[in-house]
Amino acid sequence: MPETELHPETGSESVLRRIVTGNALVSVLSVLMALIVGGLLIALTDEEVAESAGYFFSRPGDMLGAAWSAASGAYIALFQGSVFNFEADTFSRMIYPLTQTLTVATPLICAGLGVALAFRAGLFNIGAQGQILIGATLAAWVGFSWHLPVGLHLLIVILAGALGGALWGGIAGLLKARTGAHEVIVTIMLNYIAIQLVLFLLTTPGFQRPGSTNPISPQLDSTAMFPPLFGSGFRLHWGFIMAIAATVFIWWLLNRSTVGFELRAVGANPAAARNAGINTTKGYVIVMLIAGALAGLAGVAQVSGTEKVLTSGVAASFGFDAITVALLGRSSPWGTFAAGLLFGAFRAGGVTMQTSTGTNIDIVLVVQSLIVLFIAAPPLVRSLFRIPPPGAFKTSGKRMSKKADAAQGAA
Amino acid sequence: GAAPEEDSASSGEASANGDFLACMVSDSGGFDDRSFNQSGYEGLKAAETDLGIEIKTAESQSETDFGPNLDSMVVQNGCNITVTVGFLLADATKEVAEANPDSHFAIIDDNSIEADNVKPIIYDTAQAAFLAGYVAAGTSETGKVATYGGINIPTVTIFMDGFADGVAYYNEENGTDVEVLGWNKADQTGSFIGNFTDTGAGKTTTENFINEGADIIMPVAGPVGTGTLDAVVEANAGGATNKVVWVDSDGYETAGTGKEYILTSVMKLMGEAVEEVITQDVEGNFDASPYIGTLENGGVTLAPYHDQEDAVPADVKSAVDEIKAKIISGEITVESAASPK
Amino acid sequence: MKLELKGITKRFGTLVANDHIDLVIEPGQVHSLLGENGAGKSTLMNVLYGLYEPTEGEILVNGKPVVFSGPGDAMAAGIGMVHQHFMLVPVFTVAENVALGNETTRAGGSLNLETTRARIRQISEQYGFDVDPDAVVEDLPVGVQQRVEIIKALIRDAEVLILDEPTAVLTPRETDELLAIMRQLCDDGKSVVFISHKLREVKAVSDVITVIRRGKVVGDAPPSASTTELASMMVGRSVSLNLQKEPAQPGAATFQVRDLVVLSDTGQAVVDHISFEIAKGEILAVAGVQGNGQTELTEAIMGLQEHVAGSITLDGEELVGKRVSQIIDAGVGFVPEDRNVDGLVGTFTVAENLVLNRYNKAPFAKGLSMRPATVAKNAAEKIDEFDIRTQSAEAAAGTLSGGNQQKVVMARELSRPLSLFIASQPTRGVDVGSIEFLHKRIVAERDGGTPVMIVSTELDEVLELADRIAVLYSGRVMGIVPGNTSRDVLGLMMAGMSAKDALSHQSENEGGAQ
Amino acid sequence: MSTATTLASKGQPADVKPIRSWKTPVILGVLAILGFIMFGLGSPASEVTFRLTDANAAIQLPDIVVSAPVLGWIATVVLLASAAYAFVLVSRYQHIPGWLIAVFAVFFIAAFLTWAVGSARSPSVALYGLLAGSFTLAFPLIFGSLSGVLCERSGVVNIAIEGQLLFGAFAAAVAGSLSGNAFVGLFAAAIAGVLVSLVLAVFSIKYIVNQVIVGVVLNVLVSGLTGFLFSTVLSADSAKWNSPPRLDKIAIPLLSDIPILGPILFDQSVIGYLMYIAVAAIYFGLFHTKWGLRTRAVGEHPKAADTVGINVNRMRFWNVLLAGAVAGVGGAFFTLVSVSSFNRDMTSGQGYIALAALILGRWNPIGALFAALLFGFASNLQSVLSLLGTPVPNQFLAMLPYVVTIFAVAGVVGKSRAPAASGIPYIKS
């Protein structure tokens, strides 16, 4: 197609237009909008703001000042807690927040990949929570009750975690393939069953510390733990490298491997996949096994890296956050990776925000979900900020080729 | 309203201890859990007003927040003493305490850390629950009493153990056969909601107990206990005389709706202990020996009967006072798998 | 009612689908629209029916300009439309479908389907439809579904009825019945806009024919114009409507189907004891109205059906019980009837679709890893060879036009050595030029010595390609007849008459006519 | 294929393998063997008492006393026989009749109850209480799944049920407390549900954001927002913000005196009666009114609806809003009927269970009602069993509702058919 003659525009112009109409700007504005709404909430419920609101008409500046300082203070703390702490004394403390972000992102990325992969194969895996738990349980058990040499032990622990998650995911896949049971129901139910199972195991002596009946497992052997990535001063561990490896692997699997081709085909058009000789029922089982294994790795990252013990809360809400992470990442491996980092930053930064400014931690959830909503609805942000739609300067022909380019880039 | 004077407001409460920072990290229940996080938090607030110190708090949304919250408190904010609420925080507390030997810590409901800068605050709750069990058995009109928990963990089951033993002791003394529903001490099995949030489940569970004939119920499930009060209020509206044994704080003071049906409360005075430990530290008297709340030192106790004063037979009341003395003297030992060792 | 379109222009982005079209539809007339794929016929009708907003131009009803903001307005103005793809809710009953959007309610607000049922029966009677108001639509044969669509329009008192390619799915007899209905409607003073690619029908039923090319009206033609004239008017060049092919040189019958039974999920025999064989170098066409077991037959051969009994052998090897992938590996090429659903993954690139059933074989894969370079190279070759019009090999297949999608599937299946080639509706929705090309490729495959099985509901296509014709009716073979059997005999067989009866019935009729 | 012949009408060649599904007999077989082990071999040697009426009920019914071993063995025999019969039927290519499943289910449940209660320390149970509790627990689920039915029938997937319930509960508590009037609270709950729906509708219908994303995110948003306000506002002064008045129970004279069912069905709060109305109205509305016909059409084949002049997206929009109101009222049940104050995350994931109930009930209001009741029964059974002191660890009992649900979807329901366009945005050209 003779695109060039349709667009005789100069380079700088086109760059400008791309920025103005591009997704990056929309994403930035989405974050901005969410922050504004969150800031309003923070300000509205701030004590000082409420106090000064009482005499708003005699000295309005007080209230506005208080509102501004409440909101901006909270966000500065959020940034300091998640990216870079410019007030710290030492360099390592300055970058400590970033390492915290990566630490929290690790399980989010792994579990997010599991949800994303299932999505690509047309399955809605709400079960990451349960898969993380079972993966963590098996990994922890191998970690504290088997005693193996360095290297081998960690390897077996990782395998055990993946196996546990795969088992839990595989049940849903198998039931879907064999009986047609809706995977949404089955995975929701398996989440509940998993937590009860873990609660039960933690009441048995085999999972408790000697001499204690508290529902906490013994610490994993040091041979079963991920070594710290930057020394013991940081919580960041090699699990993050595992998450990167998992992302690369899933990227390869989806885009470069025959298995991924099958899974994507099953997800995009099961009928055509069947016609092409792909066994779709086997596909469902395989995809849920792999998805479960990925969530299981998130469990491993928790018990072998961050928490070092098994408790019933070891999965936090990572399994549910993983759904949003995957969807926000548009179910692509690197998208999920990036979304995982963003959510990791929120969780890590939220801690500092709470402790140093006293802002309620729940506000992080609010801001986080607003950001997702705004990012997911570019037209809304565009219309709010009166940004022209991306195709406004282009013809549809150009648009199609851009899509093709993007597809090529992704492949 | 009128605007306050510019500078008088902030300088008002400045005091000698203004540079002492006491902090607290909750477990995942949050400080408004109407349960032990809240009790601890109230102690911290009391210390703030009484001692004029600075305080900071961090709520954990999940167990993965413990470490970061503690780190943020101690390393970033430089807390002089940090109180952590709940045994789940033990590992995180231990780790941070080891890394920061100059900071002080106190941990509620855990006695596993042995370090010079960590003070365990633990309770022999079973002692007070024993008394509650005795009162319940002595007051029950149906001969059945009940208890249930949030989750099957030692800090919960220690209440249930004590309660069951108190009932058993009553039966032994009086040759009666009062039954405990919802908890089997020997097997350590019983009724649990599975969480500390589902108030509705607390209510249906209580209704089930009432249907099975229990008339005194002790919920050990934090905010879920309000479900029990609601069930009792509804049942009593039809003329029944069911009663509730509250836990942790004096429910008559804190619970609101249905407080008139609270027979008594098994109090675990965490706020007082927290304030005391902070006071000691402010005064420079911090020590790492465990604080064990018992009937003897008043760390655990039975709340007044309030509106149910008349429901409890006089001989039961006097027996309770005797038993209390016997427990303090060691004549009666109350044992639970979860008792502090 | 007189309907006028004045200067209608419809643009999709830069594409001008309709370019200043003027059209007058007189009452009591059948007005046919002719034009090749993508000429803009459906678009024009969608504008007329209020589904699309015209970019320019106006619509006049009885001389007064009207603006349709949606189909509701068009219907209120007395326009009804039967779409190329049926607009029926499959899980609803006939009555529910007919009532939808035109409901009558009782006092309490509850739906009064009784009135609708009565009206359906009344219209059925008037026009000789045999439609049960309480049948669930998805269980009905397409021919009946189409009548439901017509009832939907009539019940709303449509004065102008638009029929967009209504005969594509009908038997010759059903087609005749439909044409009769159309005439009857005109006699009642209604008018019909009729779109069809089948020139013979257009000539038979029309009062006026308007030909559209590339969005513009090229002119009107009388029904008496010859098919060749009409075809060249449509395409803008002269086309050969007949395929030149050598007589078949059949070799050994390497493909044999014996006593094949296929059960549906509900246990009905949808393929009922079928036996036939195809020799190397021979084309067997399977004719029949859609829904008479063709789909199940081809799917059974491909291993896509679950409940299959009997025997299917290829080169002496039993295929029944084998997995789809094994059957593909045995050298069976398959073009499914519904390319969008079964043949292509719309979101995959053209290149990926071109290896959809060979993605895990050399040279496209090595072990578990695919080789994007060879996949791309293959795509470039096939796009060139089959003249696939696409932005690039990396464009999503779903963005291609229907004809080009079909070429992707054909290219994929015809680009490896085959021991059997099965194609269902190989040229459905493909324009005249491409049909020519695809037919040549199919014949070339035959001449290369491959047994070929063509399943088509288009008699024209069947007659053009077949060396022998098997007619399916209700899951059974009505007979296997030579490739030059007359259209009328085939029509009778497609309606359920055995080959023998059809032949004798036909000769009787001819005898009677003379 | 109206003309296709059925197999029975003609002789099959020997090698034809007609369709038979072993799924049902296998499941029945497994359950029967389980029954044999538990109810037969493992039968407690006790008499089991089922109490039918409350001590102060108007009409008293005598207790039912059964011998656990006797009933256990009778049931075992019946179960094994039914399973065997099912195998025989399937091997003869015959259909398994519904009554066989029903007989099996009745005996299984009766024997299970007897076994479970008999194994408890006190082998006596208040059957009326067991049922009443099931009903109470099912309430929010019913409202939640009705909300799901309304949305999905019109083509919008509603994952946000949890958020609607939670926000409804929150709004009812706050508005009820502030106004001192429970009905104001109820109204506010409906509005709150509508607000959540509004976001769902605007984002998924107008801005075509993936419906599942919006739903999941809304749940997080509501949880965060209510949690935030709970900590910052409600906890600070709970007398003012968080002590809503109750909706009292209204007993219908005579009807509420019917033994067992009377007090359960006819001694309800306003929300309880609203539930009956909602189920009936939505069922009637969906299947017997113009609105329902259009709603279903829009959820099945939006384009077809469009071509007959129905505004698809407007239809969806209003349905989603209505669904929000229904779920909001369900949320009010938590704070106006069930318990007397709002609590952080007090819906505890019931919105997700409601989603499951909706699918289990095959997108039908009545089906959803029964699925929710099944779930409520399983939940309350585990509660009753654990208080009676069964030897089974509490955590396994707690799994019961979830395991039952999985069995139900996998075994009985299988491939259920969602509205065809559910989850697919309708974009008009």
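Which chain is which? They are A, B, C and D, in the order written, and residues in each are numbered from 1.
Assume a residue touches a chain if its C-beta (ideal position, glycine included) is under 8 Å from a C-beta of that chain, and two chains touch if they have at least 3 such contacts.
Note that the structure is predicted; figures quoted are calculated from it, not measured.
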Chain labels contacting subunit B and also subunit C: A, D
Between the pairs A-B and B-D, the one where more C-beta pairs touch: B-D
Subunit B and subunit D: spacing of chain centres that average the CA atoms, whole Å: 36
Inter-chain centre distance, subunit C versus subunit D - centres from mean C-alpha coordinates, in Å: 45
Computed distance of Cα centres, subunit C from subunit A, in Å: 47
Multi-partner residues of subunit A (each touching 2 or more other chains): 196, 199, 203, 360, 362
Overlap residues in subunit D, where contacts from two or more other chains coincide: 231, 393, 395, 398
Residue list for subunit B, restricted to those that touch at least two other chains: 59, 152, 194
Interchain pairs in contact, sorted by label: A-B, A-C, A-D, B-D, C-D
Residue ranges of subunit D in contact with subunit A within the complex: 23, 199, 203, 207-210, 212-214, 216-218, 220-221, 223-225, 227-229, 231-233, 349, 352-353, 355-356, 359-360, 393, 395-396, 398-399, 401-403, 405-406, 409-411, 413-416
Subunit D-touching residues of subunit B, taken from the complex the two chains share: 30-32, 59, 146, 148, 152, 179, 181-182, 184, 187, 189-192, 194-195, 197-205, 207-212, 223, 226-227, 229-230, 233-234, 238-239, 256-258
Sites on subunit B touched by subunit A in the complex: 1-4, 23, 28, 56-59, 61-65, 67-69, 71-73, 75-77, 87-88, 90-91, 110, 112, 151-154, 188, 194, 337-338, 341
Of all residues in subunit A, those that touch subunit C in their complex: 1, 252, 256-259, 261-262, 264-265, 268-269, 271-279, 395-397, 400-401, 403-405, 407-408, 411
Subunit C-facing residues of subunit D, complex: 1-7, 10, 12-13, 15-19, 284, 288-290, 292-294, 296-297, 300-301, 303-311, 420, 429
